[in-house]
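What follows is a set of structures to go through.
Heads up, the next two complexes both have chain A, just with different partners, chain B and then chain C.
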Partner chain A sequence: MSNKLERRGFLKVAGASIVGLAGLQLMRPSKVSSEDTASGERQWAMVIDQSKCTGCGHCTLSCRAHNDVSPGISWNEVLPAGKVGEHQVFIARPCMHCENAPCVDVCMVGASYYRPDGIVMMNYDKCIGCRYCEVACPYQARSFNWKEFDGDNPAVPTWGQPEIERRPRGVPEKCSFCYQRIDRGLEHGLTPGVDPAATPACVVTCPTGARIFGDLKDPESEVSKIINSQHTVRLRDDLGTAPRVYYVLAKPDDFKEVEA
Partner chain B sequence: MFSHPERLIIALMIALLFAGVTMVAVEASSQSSLSLQGEIECAVCHAQFMETWQNGPHGQATIDPNFNEAWDAQGNPGACLVCHTTGYDPETGTWEQDGVTCEACHGPIPEDHPVNPAPIDRSPVLCGSCHSSARFGWEDWEVSAHYQRDMTCINCHGPHQATLKSATPPGEEHFDDASQLCINCHTEYIQNCNHSTHCENDVSCVDCHLPLNNETFPAHTTHDHSFQATLNSCNACHTDQMHENGDATAREESINDAPPEVMLSSVALTSEPAPVSPLGFAGLASLIGLAAGTVLAPWLEGKYKAIKRNGSDQDE
Partner chain C sequence: MINNLRARLQPTPWMAWLAFLGIFLIAGVIGGVMVLSDGLSLTNLTDLVPWGLWITIDLSSIALAAGAFSLCAAVYLIGLKRYEPIARTATFVGLIGYSMAMLCLFMDIGRPFKFYQAFIYWNTHSLLWEVTMCIALYFTVLLLESMPIIANLKWLSSRYPKLTAKMSKVHHYAPYLAIAGLFLSSLHQSSLGAAYGVLKARPFWYKPEMSVLFMLSAIIGGISMTLFTSMLASLLTKRAKIDDKLIEKLSLFVGWALVGYFYWRFWGTLSMTYTYEPGRTEGLELLTKGPLAFNFWIGEILIGIVVPMILLLNRKTRTNRFWRMSALLMVVGGLVAYRWNINLAGALVVLSYLPGQPIVSYTSYTPSFVEWIVGLGVIAFGFLVFSLGVRYLRVVDHHFVEKEHIPVDVKAAEAATV
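On to the complex of A and B.
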């Protein structure tokens, strides 16, 4: 009798674990190849014109307000990048939204994933806080929430109003191309990159128009036109990450008018 | 009869049911109130905007004592209310709301607002519909490099609090310093300016590049948004060093007084040649000598031969 019970117990446990494992396997995100990540009808991209960037940092402040980012974290950093001629230039660094994102590759729980429109997103509920993605990112675009951000956001309301929830403690966060603005704009028939309400906050706030946003798949979008007609570079292209942020580099001629 | 634990469970279940029904009802009523338009409803979600707006010039536009004094003095003309209130109707002389409210700029707010975003025109045209004409500086602004490079009012001004934006949080040093906004972009200027007499005496960008216009009419005083420093900017501090336009007798000194410093420096600027050193003259002379020697050499040679020949003739 006791033998029988033991066997039954064993079978129960075994059955349950098989079902459990199968379930886990189903829940596990299927690895998405890079062709699939670019499968969406639209592919968002950003062009940053270095010759127009004055390093004012309005993009960072506006990002902090609209995405409710703690003052200790920057989703978008503006860094001095040496001189072109006599002129100080800057490089603004949002998340590159790579087509082959190392952060997605290393994420073992599928918390970092590609949206069909190419945006590299975070599912904070799935994240276990291992910080592999933070290490893997060659652009240092991710920051870790060591503690919960519970104070007032000094960038609000001067630079905008929060549009998304604050992230919990123990997860990394990064620029999302303001997906909430894109999605909501599309719902209302707006065109991201053209209508300010559907365009990332940093692009809208830039006083000099140094940032341009749009759809790579639309040949008429401003980003496509620039990428097709001007020389653009992507940061660390040699790594094969295929970033979706393109830079128009500053040339000494660009500042002639300013100096004159 | 129910036992005690059973009674407790039933009681709890009923309590839960009531709580649930109440919550659903409250949720539904608050949903419906959101679609209503008006200040209080806006504040439900946009509390932070409302707080700053209320105490700013837009929030105070109708009740501001300066405005009311000037308005009364002019006999309460309706024209002022077009900008100083929201929804002014010239036919009835009534208005919908005091101040420049949400709907003055974001109107009309869509019926299903939280779903559909409120409209807004971010270009200077919207601001310019009130902040227009020469008396509000629109014409100055139009000639400025900022306007011509497609910058907008909201790059520097917070439209809700209707004050300057600041990259520095409130309470920190330089929060109120408008020049901090300039140097966000014009970094190269601040590097040079720091070592100038102006900066050392705490004269900042806005003191010269944003002088006050229209000081005779305090209610509409505004800064010159052409951002061009004019002679008046210099005069604001250097009046004692300047003479007035077309006024030849402004200076109080008589001719017999010792010449002022300015005169001395102008003397130093006259184009009198510096004395040439003797070595220079010597060099020039040697050059002339060299040229003369080259020209005269054949003649001298002929002369020398002639003398020599004469001598030898005499010897024989």
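On to the complex of A and C.
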């Protein structure tokens, strides 16, 4: 009799403690992880000026070359976004590098993670290809490698030289703010956003200067100045993802000046 | 010698059944090898609909395996001992379900041979991490729970009697295993729904009741699956012996549970009809008026809930074996339809992220040939293992009571009297 009771008691305690432990882990708020994101002394951000974007697609192509992206995939898509006045306008869409990134939240192996400088990175070695991040991303910023990308990259060498390793088949890939250029540039004492060699390829290549890159924590950086002085929007801000890509939307007046 | 061989090759219904399953199995293996060598480009999955037929099979087989944990909990924790033989069947069905799910997942992930990394690298905040861990652990529990069943294999017990004796003894720990099973299953059955339910980017999925609906439908579908397969086996072979009264009692429970499920499903759906919400409203329209409407109204609601609910609650139809079996099969079908619909209704609606109110567009998805043959191969594998279980392991034998359990109880009683 006492034996039975002991067993029951043990089971209760064991059950409760397991539930408690698991519950604590699961309910850990994602804020914990996003605190890591803003911890770095630099916070990279991009501003895209819609009034200057002509939809030429140079950014997409140079991105393909510098990051060795398959022709079937765009890390950096340029989409038509309706008309302002009589002008067709565009939205260029890199990864938003959200402060509260849904992809990082859901990734089961932690292949998607925050760098201290705010870049949402992919560790392609960890990824097993479940595609949960793709389903979770509101910006369709991720493209899955359905096929092996072998052979020549048609964007090379016209648009640049590959700087990073090609991704294997079976992982979703996305824009990394050209982290390789930033990291190497910083090592050489360059300033990302100012020195082209330390700045994302799409920003460097943009013929109209529609893209501006820099450090949000530096009030003197070009991005900080624009964000503090002009009206900027972030895509799907209602979702609370807090993207680090800001848009200056085109107004009808912008085009009048150009024409005049 | 030759005569013996001839007799062995006589076309029996059993051989015909094996051959029939074999066709699907071989096709499935061929498809699987194709996918492993050429990658997921052979599927019709896209960046917008990255989950399709295989995820439906995976989710359905996990849900239909839920009879194992629910019935084991009922028998060993609540103390409804007389259902033990059915819990035994359910455990085996559960083992098959999880094997099918893991096969399907293996095909579905982009880097199948790196699946083990899911156990090395942990993001404990991810629902899929939790699901992976639970599935792996629960599969272990199911294996342990199935040990006494596998010990019935004559081939094994005649050669390794000591081993099988040990395997049978695992049954002594059935209550502990039932607790582990209940805990792990409650977690991941709900989390599979929550995996959809936490995605803010997909408004049709983004709601708290996803986990409740997944859990409820899994318990109902899982028990129905166990009961249906038991009845089917007993129709087809004398090796399967069922206790019709037990099945009827459980069917009544399924009937009432369907009422509860219907209640949740009704309010969950109705509340979505109020006020336009980009993405959510369109998802609902896909379901109720669009390409998924037939699956929804006929497959999910009528055949999946309403008709079996009536058939199982009405005494006359419930006691009639034909109607009861039909009703149980309908519940199983309804569950598969639910998993398919819920996955696609959320995925087919594409929300724009351009400034201003999101613009909604639609995409489409039809499984490719390779997806079908691999999927059917996985299902054939399930049928094959179940058939072998019925034939060689007395999986469906409701008059069979595990030997180990009784002596242990007697000993305890003796000890108490002394």
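Structural remarks
Basically, the second predicted complex is superposed on the first by the 227 of 260 C-alpha atoms of A that agree within 3 Å, B and C clash if a C-alpha of one lies under 4 Å from a C-alpha of the other, contacts with A are read in each partner's own complex, and residues count from 1 in each chain.
Everything below uses one rule, namely that a residue touches a chain if its C-beta (ideal position, glycine included) is under 8 Å from a C-beta of that chain, and two chains touch if they have at least 3 such contacts.
Remember, predicted model here, so these are calculated numbers, not experimental data.
Contact with chain C, but none with chain B, is seen for A:Pro102 once the two complexes are overlaid on the shared chain.
When the shared chain is aligned, no partner comes close enough to touch A:Gly40: not chain B, not chain C.
Of the two partners chain B and chain C, it is C that touches the larger number of chain A residues. Once chain A of one complex is fitted onto chain A of the other, the partner contacts of A:Thr54 are limited to chain B, with no touch recorded for chain C.
Of the two partner chains, neither chain B nor chain C is touched by A:Pro116.
Look at A:Pro168: by the touch rule set out above, it reaches chain C but stays clear of chain B. Touch criterion not met for A:Gly85: it reaches neither chain B nor chain C. In the superposed model, A:Arg184 lies in contact with chain B only, and not with chain C.
In the superposition on chain A, A:Pro157 contacts chain B only, with no contact to chain C. On the side of chain A, the complex with chain C involves touching residues 1, 3-4, 11, 14-15, 18-19, 22, 25-26, 28, 30, 33, 79, 81-82, 91, 93, 102, 105-111, 126-132, 134-140, 142-148, 168-172, 233, 235-236, 239-240, 247, 249.
Residues 39-41, 45, 47-48, 50-51, 108-111, 114-115, 117-118, 120-132, 175-176, 179, 183, 187, 195, 198-202, 347, 351, 353-355, 358, 412, 415-416 of chain C touch chain A in their complex.
Across the interface of their complex, chain B is touched by residues 54-58, 61, 87-88, 154, 156-159, 161, 184, 188, 196-197, 204-205, 207-209 of chain A. On chain B, the positions that touch chain A within their shared complex are 46, 48-49, 51-52, 116-117, 120, 122, 149-152, 155, 158, 160-161, 165-167, 169-170, 184-188.
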